[in-house]
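Notes to accompany the following structure.
Order of writing sets the labels: A, B, C and D. Residues in every chain begin at 1.
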Amino acid sequence: MLLQMEGITKSYGNVTANRNVSFNLRKGEIHALVGENGAGKTTLMRILYGMESQTSGEIKLGGKPVSFGSPTDAIRHGIGMVHQHFMLFPSFTVAENIVIGREPSRAIGFDRKAAAEETTRLAKRFGMPVDPWKRVGECSLGVQQRVEILKVLYQGAEIIILDEPTGVLTPIEVKELLAAIKELARQGKSFILISHKLGEIMEVADRITVLRDGEVTGTVNASDTGEEQLSRMMVGRELVQLGRSAAALGEKVLEAKGLTVRGSKTKPLLDGVSLNVKAGEIVGIAGISGNGQSELLQVLAGLLQPDEGTVELSGQDVTGASVQRIRGAGLAHIPEDRYLWGVSKEADVTENGIMGHTGRLSKNGILRRGKARSMVAEWVERFGVKTGSLDTKAQHLSGGNLQKLIVARELAQQSPFLIAAEPTRGVDVGAMEIIHAELLSKRDRQGAILLVSSELTEVLKLSDRILVMFEGRIAGELTAEEATEEKISLLMAGGKAVG
Amino acid sequence: ACGSNSNNAGNEGAANGGGDDAVKKRIALVLPEQIGVNPFFALMDEGFKRAGEEFGAEVKTIESTDPAAFEQNLRSTVAENYDLIITATFQAEDALNKVAPENPDKSFAIIDTVVDQPNVRSVVFREHEAAFLLGAAAGLSTKTNKVGAVVAIDAPLLSKYTKGFEQGLKYTNENAEFFVNYVGNFEDSAKGKELAVLQHSKGADFIAGMAAVGDLGVFEAAKELGFYASGQDVDRTELDPEHIVLSQLKGTDAVAYETVKAFMGGTFEFGAADYGLKEDGVGLTFVTRESKSPLSPFIGQETVDKVKEIAEDIKSGKIEVVNPLAQ
Amino acid sequence: MDQLFDVSLFASALRMLTPILLAALGGAICARVGLFNVGLEGLMLIGAFSAIVGNYLTGSIALSLLFAIGCTLAFSLLFAFMSIQLQANVIVVGIALNFLALGLTTFSLRAIFDVKGAYYDKNMVGLPKLNIPVIEDIPWLGGVLSGHSVLVYASILIVAALHYYLFRTVSGFRLLAAGENPTAARSLGIKVTRIQYGAVLLCGVLCGLAGAQLSLGNVTMFTEGMTAGRGFIALVATMLGQSNPLGVAGASLLFGFMESLSIRLQGFAMPTHFTLMVPYVVTILAMLFFKDKGYMQEARKSSGSSR
Amino acid sequence: MDKLGNWIKPLLQPLLALAAGLAVGAVAILIVGGSVTETYAEMWKGAFGNFYFITNTLARATPIILIGLGVALAFRAGFFNMGSEGQMVLGALSAAITAIHLPGPGWLKLIGAIVAGMLAGGIWSAFAGWLDAKYRMNLLITTLLLNYIATYFAGYIVTYPLKDTTGSAAMAQTVMLDKSAWLPKLFQGYSLHAGFLLAMLGTILLYLFMKHTVKGYEIRMLGGNPLFASYGGVQRGKLMFLSMFVSGGLAGLAGSVEVLGTQYRYLDGALTSPGYAWSGIMATLLAGSNPIGTAVAAILIAALQTGGMGMERNTDVPLEVSSIIQSVLILFVSAKLTYSFIKRKKAGAKNGPAV
């Protein structure tokens, strides 16, 4: 046994994040760690990586007890971690990001050329191609993820912890990453993989440990289990399979024509995109991230001015209108990046909850705080948002719980049109189930929903119609019936529609 | 005390104090600024303290950081019941104009500006007369026919110096060119030096420092580049007689001393008095007062003699120096 | 116009900009590690004062420079301790240190020299002036470039050295990393706190030199509050130069030049108040060409994407 | 035991800071050979000794509070307004000019002057906001630079076109305002004037505004995360204008009440040399931009300053000692001492057995 964690308990005040957790890892193994949001996965890994110290329990490496005071200690013992949130330096180059901490040098000088060569060598050896001179901030998320892993490998890690590495990757990027992990495991590296996506876990993992409320519910071999069993172990109950009723189409709620955003690059970011969404349908947009989805959403939401084209919402021309007017015309919006657009981290749950609702919650410009609180309290209850209180700052909520709050906030708008961008990113299966059900029920109540997701299964599961974006254009349209993962993937990669 | 329109209630302050002999008279000097390097205040303080010692008064000097603080300090001394409260400069005018009428049975004195209140004695200087002499000396001495002045800020108060200087300069040397530059504040000696360097580069061989702390920068430039400079208020030639060749004088010490003396001696009068060349309240080194430093050959005895004559003419009223503030 | 743009204008600009440049470089280093140092004014003032004290105590220029550096180091250590260790708001610390420096120097002026306002001794020797062999004989250039105090030349070297340090060395690279993403840097075992301390102390050294240039280079005396707002100008130069040594040098140059020019403009029938405004107006105009990142990017950075 | 702990905890930090400040001050006092107890007694008397000194302190706090409130509002909206000094100066100048030239009865002059002062400060401040919105100029730099421009401009106005030629004419100042346009003193013979009531009113209004109005909510969100705010339909440009305008308006009001309630004219340098602007910014930062906290911090800072003056008046200890105490105290108040203290305790509890 390469690594043993025995009886690990970790308490934060009166919250116990890990309770008597035992976990072990074999050499060359891919060991998945699953569980609901807040189950204690990240905490356990932070303990292993020396970022937190356990309240009690023991860690043994190669049979010998070890204790890490800091990540540096862990790195020295061959443990590397790719964090749930990127730990990168966006303005630095790929090579710089990889070698940082152990830079090749000549005298006091930083030998950037050697760093680049080393990076290229490493990339080749582990089959993860990168451009060493490119700034990380300009790289796609998939490449950024690759950089994170290369960095850990460069540090000489034998045990690699990946905390939700596929959360933001496109299907193709996910495939590449999983392939790379498998290859590395074959070469003798050991992996601990945290993910909410049971499909990919079943694909790569050798063993799976399930956590629930800080405790281990079991460790199973991947070959002996299935997604249903895992879900049950995580949630503690059966999940219902959602059925989708046939669409009852109504009027066109959204009509966009010829939207173009030039940006500063030579190629336009958005190139003559036209689409419409009718009442009672969910239109899904699939595509590799960076192909104009973000720009499209920002234009529709009034956060970006299009250079050309028109947008009509509920019969009103809202081209270039302010966010306020567009929201007034009937828009709700689950943003793709919750920390960037969706919340103010320093503000509390109530304050984050009432954004966009202040009109209804005020009289003569005076905010009715009591009413606001009871409104938000109701959402917290209905969506099972785990929060200390309504006065907890948003930054102290886990991402999944924050997402539930945002979804609740936007659904409560009761608007005719909803943009749902990555509505379940980083959210556990239980919460995902709630969110999906809510979206479908909105559709059934004649809501028009534009769904953007990098999660193909999600797009396939929810959409009545699927548009695929490639290089700022709509590369193809498929109905729910004709769409398959293969067809969509082909369109996403720039191929022609085949059906 | 010439030209003062004496007030009947003149000796009230002294009389009041005389009631209880056991208690020493308490006199406060409340200054609107900090004394700092400002020789104007430093001298005043010195004269004030000396008088206090000599005439057996309990004296207290209070400095203020800013105008708001000054009014508070002034009011505090009233509250703390001083027998005489002396203050100074135009900066004290407003506050005194408020405080004096509110406390009609208190005695006040103000130096360097006039406050027209029945219980205030005002003493002012005619600096423009001394500046005239300085300008006249500069006009006679300059070889390049270019002289300069480095001035603290572009404010009316300082025009008494620049305009007086200019009048004197033109009086003795019709063709002389006069450069004026402003530092922008009272403390930046580095900038004072830059300005002096600049004026020297334009040909000035005599530069008058009128910039408070900035003067030190002028002196340093004079030493480095070998031109001549003058100082203010006290005899600055002592610093570097070779380059600092003149100093325009202002007898704030004498005024403070005299005020305390009059109060203690019972000759204190309310009303206004001004001190110019005639009263020896202002002056110029070598001309109205001897200096410990040797006279620079740049100035020369001949010039000194001529300027002495001019001084006499001013005293006698033959030459009329225009007070720019009175215009 | 000849009168405006002559040799002495450029020479004067060079002298004026040196203290600003040195302090601004210090500010830039601090900014690079995420500490916005509003205390440059105070640090510079301490430097100016202690240089004079050092000179008074030792009579040696080298020792007085060292003394000035030592004192500003101690002072910047206080800044570092308060803002890094005790997590105080950096701007509050900066402002408080400015007050403290003013109080302390004035107080010590009285305690050490028993004078108020200024200490001036005509026998005190300032920083040596260097005449550069070949350049001094070139007609125009010689007048501009030659004959300045050692620190004027040193500041130019420091710009180059700092540029090299930040962008070419390992240690500089880590400093940039610690500023760009401290959490990530920490997770890689980079001693962020130690780097921040180092940066603040380096800033202290530079401000010490800036102060020494002011009190022993530009003039040879100390006067109360003699920095006269130069620390804040340095702060502006830091921001305008985007904390890049070369950029900071450019911004300081602009400022020094404009200040010298504004002095000269006093002769040209413009009220003094307006000529004194010139450097600030021009700086604002210059900002038209140095666009800020804009709030979107700022926010993106500070809100941190959930990726 | 626990109750006592809870009660003491919030006071621990300021008390520690006070102790540190006084300790450092004591060293300085001893260096110049003063008596520590006597000096501190004088300092206390100078700040709060009797009714006279208390009102004195509050009078000095008045402009600091108003500036602090303005800065707090801008900070909350995410804008670092360092331009209070210029805004205050222009406000004061405009108030003075209006009070002098506006025809009509005294109350009209007074109100006109206050409005003009707030408008001038507000416009100057909003100008910086406009430069940011339109040309993406860093607000922090522009506001700093605009200070210099404003003070030189005001200096020019009172040195040349609007110079007071009555009295000795030696000062760069406007003529004295008509008595009818003076802000009334709150107590006869005391320096505290009605401006203090305005400051108190401003504090309460700002507190209520930030906490209970939609605009206040939007401003806080804008400061927290501007992208979130614009996503939610908050109009950044408009709100920036509004908050910068009000922020500068409060600084302008500070200048106006100084002119109308204390100096009765605009006097060049009278507002800049006391460093009101920096004191106000400091009060805001100390209080974490909370309006009520800002007012309290402003009074504390003012008390240190008036106390210092009292000390200088009645002892031989130089005034600088008070500024040393002031800065040390502020340094320690701003430090997160309790933060690290509590954290350390927690860490202890985590590792050791529960007590």
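Everything below uses one rule, namely that a residue touches a chain if its C-beta (ideal position, glycine included) is under 8 Å from a C-beta of that chain, and two chains touch if they have at least 3 such contacts.
Quick caveat: nothing in here was measured; it's all calculated off a predicted structure.
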item: Busiest interface, counted in C-beta pairs; value: C-D
item: Chain whose mean Cα position lies farthest from chain C; value: A
item: Inter-centroid spacing, chain D versus chain A (mean Cα positions, whole Å); value: 45
item: Mean-CA-position distance for chain B and chain A (Å); value: 76
item: Inter-centroid spacing, chain D versus chain B (mean Cα positions, whole Å); value: 35
item: Per-residue overlap in chain B, given as positions that touch at least 2 other chains; value: 34, 154
item: Interface hub residues of chain A, defined as touching at least two other chains; value: 340, 345
item: Junction residues of chain D - those touching two or more other chains; value: 155, 159, 225, 227-228
item: Interchain pairs in contact, sorted by label; value: A-C, A-D, B-C, B-D, C-D
item: Residue ranges of chain D in contact with chain C within the complex; value: 28, 31-32, 78, 131-132, 135-138, 140-142, 144-146, 148-149, 152-153, 155-156, 159-160, 225-228, 236, 278, 281-282, 285-286, 318, 320-324, 326-328, 330-331, 334-337, 339-340
item: Residue ranges of chain A touching chain C (in the complex, touch as defined); value: 51, 70-72, 75, 81, 83, 85-92, 96, 100-101, 103, 105, 108-110, 141, 144, 167-168, 337-340, 345, 399, 425-426
item: Partner chain D, residues of chain B touching it in the complex; value: 34, 60, 62-69, 71-73, 75-77, 79-80, 90-91, 93-94, 102, 113-114, 124, 153-157, 160, 325-326
item: Chain C - residues contacting chain A, complex; value: 168-174, 176-177, 180-181, 183-190, 299-300, 303-307
item: Chain C residues within the chain B interface of the complex; value: 3, 6, 8, 12, 15-16, 115-118, 120, 122, 214, 218-221, 223-226, 228, 260, 263-264, 266-267, 271-273, 276
